[in-house]
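Naming follows writing order (A, B and C), and every chain is counted from residue 1.
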Amino acid sequence: MSESSLAIRKFSDLANPTRFLALADRVLPWLAALTLLVFAVGLWLSFATEGDYQQGETVRIMYVHVPSAWLSMMCYTVMAISALGTLVWRHPLADVSARAAAPIGACFTFLALVTGSLWGKPMWGTWWVWDARLTSVFVLFLMYLGLIALNRAMDDPSRSARVSAVLILVGFVNIPIIKFSVEWWNTLHQPASVIRLDGPTIDPEFLRPLIVMAIAFTLLFFTLHIAAMRNEIWRRRVASLRRQAARNAGREQLSP
Amino acid sequence: MRLMAEGLSARRGEDLIFNDISFALAAGEALVVTGPNGAGKSTLLRVVAGLLEPESGRVRLEGGPWGFEHPRELSHYLGHRNAMKRELTVEENLTFWQRFLGDSPGGSGIDLVEAAEAVGLAEIIHLPFGYLSAGQQRRMAMAKLIVAFRPIWLLDEPTAALDVSADRLFAGLVAAHLDRGGIVVAATHQPLGLAGAKSLEMTGFVH
Amino acid sequence: MIALFFRDLKLSVRAGGGAMIGVLFFMTVVAVIPFGVGPDLNLLARIGPAILWIGALLASLLGLDRLFQAEREDGSLDLIMMQETPLLLAVLVKCAAHWTATGLPLVIASPFLGLFMNMDEGAIGATMVTLLAGTPAITFIGAVGAAVAVALPRGGLLVSILVLPLAIPVLIFGVSAVYAAIEDPAPFLPPFMILIAITLFFGVIGPVAAAAALRHSAD
């Protein structure tokens, strides 16, 4: 423990997990409160505004769907930056951040998929279409699940950090390629029946709650992310304490 | 109860590993099998445990509980590997074996906390087995011998990863087992410190 | 025996266990099929049950090779084989635990994947029921393959190769039962009954053969 904290002091202060824990303790309550507040405003706006004349009440799903879709991508970006931090700067918190972000990202992606299909059922008459955009999000979801499985499969964090960082970066580089090829695939086969999500420009009536909800979701992400990072640091400390306990056990009674 | 081996020989692939080995052990007796590497100590133990069919001869039990003619079901076998799962905690491992093995007629196993105390590691039974060092893992595997009662212990290199103090501790466990009328067959090339144990030297074949 | 069941269940959900991997593989396999055949919803709805079945078949083969190999590597298999409870029963319990950890999640996940395939409610329900009835058979057949390959250093792929041909009848009757449920003229019950019969049959044959193979692979 003392060795690593000595090495860490050469980097910035934030890099020290202990400082991070102190900071997280101070920031988290405020961040959580702010998130709640913005959510309250956002939800109120969402329900106070009128429904669309075409889509009716279902337009309100958009206020959840669009922010979670946006966060599903932002979260992967955060993970990619963290992966870069692990590989290039060897920042000790970068791996913690990437590991903590994966389940959150998966949840937001799942939320985007579920709300999308709830919206799609009355609009398109089916739960799912293999539209380019939907498909890309689904592929992203699978990538998140793969990364979580990878993190779970390796119990030694120091070893798994580099490996999963490499995978995250390869995935990040691949995302545009996937997106492009999915679009190409789609136009190649697609019978022109699917209504695209990106329709005409949005009325300001809908834009206001959308923006507030987007801010609320982003705040929620940061709250969850910091809390998850804190948990991850604690989890690692518990693991190292347990290993220490295993090393010390049985010495005192046995050594004569 | 007597454990008898009569004219055992075993083959692995084409090679005859050992030939015509006989011994008889009464309750409270121990047999220490010694010999160089490759002499067939492990193979002999696996034959006695019923995991390998002998080429000739047989292993039988005389005067054991009704219905047990082969010592297999009345034996603990501690092989080179500990038969514990790294992912589970020590407690889960021991509980599993305690419940899965059950007690043989004529005795009962002890509580697993007491068993862990007997091997000097009671305070870490909540940890995953994989966290333990090789010696600690071996000691926990020994705790497995006493959580479920078996009159016969078949031990293959039981003290290989152990330090001197754990060695002594283990000798104590074996002595206690013999006092209760158990039978122990141990293959080893370290002295177990058992007073009055029979010994069987296996030389192997010189080709 | 109950202890063995719960231990195996615990092992498969702990870190490194295979319970989640199977479902993930199932999802991935089913998700890439449309990229091959195109996003035509009518076509997908038509071939959806078959895709789900093939995906479930492949996914349930995934963790099978470790069924006995893991036990053998740490020496637990020796102790299990020495007990008075027949090895047959231990194999059956291990199969049951393996199915609960990997097969059952596939069955539960199948309706969601059915939505992706644009299948209607009837087809989804039929697929789920046939998977529920058919996947245990795959586990039982797989146990034989796993027992045969237990002593091999890299038995993993071999198990799949050994088991897949044997699992063909399960696939045939599983898929035909689903189509019988969707399309009117064909009756649902005959193929479904045959599927259940296959499962019960392998429920007997599988553990017997696996136990025999394990006995002979001991060294």
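Annotations for the structure displayed:
Criterion: a contact is a pair of C-beta atoms (placed from the backbone, for glycine too) under 8 Å apart; a residue touches a chain by one contact, two chains touch by 3 or more.
Please read these numbers as outputs of a predicted model, since none were measured by experiment.
The touch graph of these protein chains is complete, with an edge between every pair of chains. Per-pair tallies of C-beta contacts place B-C first. Ranking every chain by how far its Cα centroid lies from the centroid of subunit C, the top place goes to B. Centroid to centroid, with C-alpha atoms defining each point, subunit A and subunit C lie 32 Å apart. We define each chain's centre as the mean of its Cα atoms; on that basis subunit A and subunit B are separated by 52 Å. Put simply, the C-alpha centre of subunit B and that of subunit C have 37 angstrom between them. Looking at subunit C, one finds that residues 15-16 touch two or more other chains.
Contact with two or more other chains is made by no residue of subunit B.
Residue positions 155 of subunit A each touch two or more of the other chains.
Touching subunit B in their complex are the following residues of subunit C: 1-4, 7, 10-11, 14-17, 73-76, 78-84, 218-219.
On the subunit B side of its complex with subunit A, the touching residues are 120-121, 123-124, 127-128, 130-133, 136, 139, 163, 165-166, 169. Of all residues in subunit A, those touching subunit C in their complex are 117, 126-131, 135, 138-139, 142, 145-146, 149, 152-153, 155, 182, 185-186, 188-191. Considering their complex, residues 12, 46, 49-52, 72-73, 75, 77, 79-88, 92, 95-97, 99-101 of subunit B touch subunit C. Against subunit B, the residues of subunit A that register as touching in their complex are 155, 242-243, 245-247, 249-250, 253-256.
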